[in-house]
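These are the structures in question, set out in turn.
One chain, chain A, links the two complexes that follow: it is found with chain B in the first and with chain C in the second.
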Partner chain A sequence: KMAAAGGLQRAGWRLWRARRAVVRCQQYPPLCALQASAALRAPSDEHKKEPWASSSQQHFDSPPAGHQPEQKPQGPHPSYTGQGGQESEDYESEEQLQHRILTAALEFVPEHGWTAEAIAEGAKTLGLSVAAAGLFHSDGSELILHFVSECNTKLSELLKNEQKLVQLGQAEKKPIDEFLRDAVEARLRMLIPYIEKWPQALSVLLLPRNIPSSLTLLTSMIDDIWHYAGDQSTDFNWYTRRAVLTAIYNTTELVMMQDSSPGFEDTWRFLENRVADAMTMSNTATQVQSTGEAVVQGLMGAAVTVSNAGTSRAVR
Partner chain B sequence: LRLWRCRCRALLSRPAAALRAQRGLAAGPEMHFGFQTVTEEERREKIYQVFENVAKKYDVMNDSMTLGIHRVWKDILVHKMNPCPGTLLLDVAGGTGDIAFRFINYVRSVRQRQLQRKLKHHQNLSWQEIFESYQNDKFNNSLGDSQVVVCDINREMLKVGKQKAQHLGYSEGLSWVLGNAEELPFDDDKFDVYTIAFGIRNVTRIDLALQEAYRVLKPGGRFLCLEFSHVSNPLLSRLYDLYSFQVIPVLGEVIAGDWRSYQYLVESIRQFPPQEELKAMIEDAGFFKVDYENLNFGIVAIHSGFKL
Partner chain C sequence: VPGAGAALRPCSSRVAQDGINKPVIDRIIRVDHAGEYGANRIYAGQMAVLGRSSVGPVIQQMWNQEKNHLKRFNELMVAYRVRPTVLLPFWNVAGFVLGAGSALLGKKGAMACTVAVEESISEHYNNQIRTLIEEDPEKYKELLQVIKQFRDEEQEHHDTGLEHDAEATPAYSVLKTAIQLGCKAAIFLSERI
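Entry: the complex of A and B
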C-alpha cells in the first residue's frame, strides 16, 4: 500500500515537473535568467523578511504538496502547448533562490573577493548551509554576472526616471555629450564599493566561458544608454555610435582601476575628454562628408560643362 | 565464469519493472545479492560478511582493481565539493576513511590560504589591533572548525579506518560512528554535506538511505554520491565486462584470498541503477538541482543534489 501510494506520488511529481520544465523553458530562456526580475521581496530588507523567509523555507522542506522544482532543460524538450502555468506566489523557484543568495553574497565581496567563499558567506546569512555555494561555479563567475546585470538594471531605471522628468517638463533635456557623460559616470560609480576587487572580476569576465554572457550584458547596457539619449538611427550610424560608446566605457573603466585621485577626479576628466573627442570626430565626419559631396558635385558640373563645350564646338 | 556471464545476459533481458523492483525499491522481500536472489535480511547479513572479510585488504584491493584510479575519482569528488572551513561533513559508508582524509587535507589548505590573506591584511593594522584580533579569533584553529563524521555499518571497516588515521597522523576533526545508512543515528538538519562513496550500491533500501540523507542535511546542504555506473559506449562496455568478470575475481583470490566477495562486487555493479534512474530516485527524495557527472565514460558517476 505504501509502495503504491509512493508510486502515485512520484508519478504526480513527475507530471508537475514535466509541465514546469516546459513552462520554464518557454518563459525563461537562459539569458533572461541573468537579467532576472526582482526577487519576491527586496533582499535588503532582512528584518521584515524574517517571518516570510522562514515560511518559505518551510515550503521547501515539506516534500509532497506543490513543489515546483526547476529543471534546466538538458537536450531537446517536447513541444508541449500546455496552459501557461500560473506561478504560485508562495513557492520560490530555484532561480529566485539563487538570485537571493548572490545578492546576499555581494556584501562579502570586499572581504573575500569574487569567490565561492563570498557566496558561502552570503548563503549563511540567508540561513542556508555553506554547501549551497556548490550551486554555483567555483570561480565566482555567476556572482560577477549577477552584479553586472543588477547594475545595468539600476542604470536603466535611472535613465528612465530622468526621461520621465524631462517629459513632464520638470527638467531640461541635456545635450548629447553631457547625457552620455552622466550616464557612463553613474554606471561607473556603482563599481566604487567593489573597486579593489574589480580587476579580478574583469579578468574572470574575460574567460572564454563567460564571454558570451558578459558581452551581451555590455552591449545591452550601451544600447540602453543610446536609446535614452534619443538615438533613432536606422543606418550604419547605429553601429558606429555603439562602437564609440563601448570604447569610451571600456577605456574609462580601465582608467578607473588605477586611479588614486580623490573622488576619482582624473577618471571623470578622462571621460569628459573622450566624449568631447567623440563629438568632434562625428562633426568632422559630417563635415568631411558634406565637403566630399560638394567636391563631387563640382567635378560633375565641370565635366558636363566640358562635354557641352565640346559638342557645341563640334556642331559649329 | 562463462556461466556467470550467461546469467548476466538473462537478467539484463528481463522487463524493466521486475528489475526496478529488484533495485532496492522493495516490492517484496525478494532482493538481489549480486546475481542471486535473497531476502532483505539475508542480503544485509551477506553484505556485512563480505566487508568483514575484505576489511583488512580493502585499500590494497581497490588499488589493484582500479589500477590506482580510484584515488583520482575520490580527489575529483572532494574538489567538486569545494568545502570551505567550517563545513560539517557526514561520510556514510566511509569505512576506511578515504574521503574523510581528503576532506581534511583540502580544508586545511584552504584555511592556510585564508590565514595568509588575513596576515597580509594585518600588515596595515597597528600592533594593538593585531593583538586584539588574536583574542577574538581562534587563531590556532588549523581546520577552521570543520569536522567530518565517518559513519559505517561495519565494525571491521571502522577499525581499519581508525588505525589508518592514527598511522597517517590525522587527529583532529574526525569522528567514527557505527550506523546504518537506512537509519542514521543523527538528528535532523545537522550536516552541510553528505557523501557516500562506493557505498550506496551495498545499501539494501536505497530510497530509505536517500530519505535519511535528506533528513540529516541542513537546508542548503549538499548530497554527493560517487558510485560505479553504466557505461554506454558499447566497445568500452565489452572491455569493461571482460575485465570485471575475468580479472577481478582472480585478483580477489590471489590478493585477498576471497574470490566470492569480489564476484559479489562485480555483480552488484551490474545490478545498480544507471545514472538517469539514480538521478530520478534522488529527486524523489526531495533534492533539487540534481545532476550527475560521468568519470571515465560512465564507469563511475558523481551525482549531486541540494536540499533547498
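Entry: the complex of A and C
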C-alpha cells in the first residue's frame, strides 16, 4: 500500500512539474524541451550526466523558430505508475539532481550573489547546460533555502556528535547558557563565507512565498538546539524557551550583518550578553513566582487567623 | 511544500524515530497529553470544593491515577519530541472551572461531570487505538499498550461515577451533552494547535 502510494505520489509530482514546464514553455521556448524532458524522465532511464548535457546542448543550439517544443504529456506516463514505483538503484531523482546543482552553485555565491548566475555556474561545473538554471526561480529562493537546510543539517550533526561525546564521558556537559551560546555561534559562523550577500538572502527569505519554508527551517533549527540542550519541558515553557532563543538568534544574525570587528568579536559578545539576559530573566521569573506563592500563603494564613480570632471572640 | 518551487523538503533535517508516522503520532501524543492535563485540573477543581465531603477520597483516588497518566504522557512527549498544545494555560483554567463548577452542583453534579468526561475520553482513546492498529500494531506496540491501559482506567472512573448516582443529577442529560461537546471541541483544537 505504501509503495503504491509513494509511486502515485511521485507520478503526481512529475505531472505537476510537467505542467509547470508548460507554463515556462510560454516564457522560455528554448528551455521547453529541457523542462519537458526533465519532467518526463522515465524511472528506467539510465542515461544521466553526459547524454543529458549533450541533448540539452542540442536543444539549446537549435534555432527556436524551427524547433517544436515538446508539449505537455498526454496523461500520466504509463512507465512510472506501471513499474510499481520501484526505481533502479542508480536512478537519480529530480530532487537529487537539483540538490547537486544547488550545492555546486554555493561556490559561486560570494561572486554572483544568490542569483540564477550562480546556479548556472554551478550547473556548468557539473557538466550540465547553463539552461539548468531555468529549473529554479530567478530570485534564488531555492538556492537560499537549500543553503539554510544544509546549514541546519550540519548543526544537527555537530550537536549530535557533541552529545555522543558527553554520553561516552569524553566531554563535559556544558551549562545551558554556554551550550546555547556555542550552538548559535556555530550556526552563525556557517554564514561567514557568504556574509557579503547574506542581507540579500534574508530579504528573499522574507518574501511571502518563502515564509512558510523559511519559518519551518528556523523553528526546526531552534527546536533542535533546545532538544540537544536537554530541554524536557512539556508545558508552556516549551514555547517560551523557543521564542526567546529565536529572538536571540535573529537579533544576533542582524548584528552580524553590520559587524566589522575582527573575527566578529562584537557579535559574539552581543550573543553572550543576550543569552545572559535570558538566563537572568528566567531566574527572575522563577523568583517572582515563588515570591508570589509565598505571599498568597501568607495571606491565606492571615485570613485563617483572623477568622479564628473572630469565632473565638464570638464564643466569649 | 510544493509551493516553494523546487522539490525541497525543508524538514528533512529533523530525524524522528525512523519509520514512524510522525504527524499521526504527534497529534496523538499532543491531544492525549492535553487531555490528561485537563482531567488533572478537573479533579483538582472538584477536590477544592468537595475535598472534605464523603466523596473526597473517591475523587482523590481517581485524581491520583490521572496524575500518573499525565506523568506517563510527559515522558512520551519528550521521547517522541512532540510539541505540547499552545492551549495548555487555557485548559489549566477551563479544567479547574469545570471541576469546581460541577462540584458546586453537589456530589452528584461532580460525578455527572466525571461520567461525561470519562466517556468522551474512553471513546477518544478507542479511536486512537483503532488508528494505531490500522497503521502498524507492531511498530506502535508500546504506545498501544499505554493507551489501552489508560482507556481501561478511564472506563473504571466512568463506572465509579455512575455508581455514585451521577444519573440522579438534575438536568443530567443536558449537563452531560454540554460537557461532551466541550470535550470534542477541546480534542479538535488540541490536536491541531
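In this text, the second predicted complex is superposed on the first by the 229 of 316 C-alpha atoms of A that agree within 3 Å, B and C clash if a C-alpha of one lies under 4 Å from a C-alpha of the other, contacts with A are read in each partner's own complex, and residues count from 1 in each chain.
Following the convention adopted for this analysis, a residue touches a chain if its C-beta (ideal position, glycine included) is under 8 Å from a C-beta of that chain, and two chains touch if they have at least 3 such contacts.
Not measured: the values here are computed from a predicted model.
Q: Looking at A:117 after the superposition, I want to know if it touches chain B, chain C, both of them or none. Which is it: first, second, both, neither?
A: The first partner, chain B, only.
Q: Tell me the contact category for A:156 with respect to chain B and chain C: first, second, both or neither.
A: Once the two structures are laid over each other on A, A:156 reaches chain C alone.
Q: Taking the superposition as given, does A:284 touch the first partner, chain B, the second, chain C, both, or neither?
A: After superposition on chain A, A:284 lies in contact with neither partner.
Q: Just checking: does A:135 make contact with chain B only, chain C only, both, or neither of them? Give me first, second, both or neither.
A: Once the two structures are laid over each other on A, A:135 reaches both partners.
Q: After the superposition on A, what does A:227 contact: first (chain B), second (chain C), both or neither?
A: In the superposition, A:227 touches chain C alone.
Q: Between chain B and chain C, whom does A:297 touch in the aligned arrangement: first, second, both, or neither?
A: It touches nothing on chain B or chain C.
Q: Figure out whether A:217 sits in contact with chain B (first) or chain C (second), or with both, or with neither.
A: second
Q: Which partner, once the models are overlaid, touches more of chain A's residues, chain C or chain B?
A: C
Q: Kindly classify A:251 by the partners it touches after superposition: chain B alone (first), chain C alone (second), both, or neither?
A: neither
Q: Applying the touch criterion given at the start, work out whether A:127 contacts chain B, chain C, both or neither, answering first, second, both or neither.
A: first
Q: For chain A, give the residues common to its interface with chain B and its interface with chain C.
A: Dual-contact residues (chain A): 13, 17, 94, 135.
Q: In the complex of these two chains, what residues of chain A are touching chain C?
A: Touching chain C: residues 13, 16-17, 94-95, 98, 102, 135-137, 141-142, 145-146, 149, 152-153, 156, 209-210, 212-213, 216-217, 220-221, 223-224, 227, 232, 234-236, 238-239 of chain A.
Q: For the complex, which residues does chain C have touching chain A?
A: Per the touch definition, chain C meets chain A at residues 1-15, 33, 73-74, 77-78, 81, 83-84, 86, 88-89.
Q: For chain B, which residues are in contact with chain A within the complex?
A: Interface residues on chain B, with respect to chain A: 25-27, 80-84, 86-87, 192-193, 217-222, 283-284, 286, 288-289, 304, 306-308.
Q: Where on chain A does chain B make contact in their complex?
A: Within the complex, chain A contacts chain B at residues 3, 10, 13, 17, 57, 60-61, 63, 67, 69-70, 94, 97, 116-117, 120, 123, 126-135, 138.
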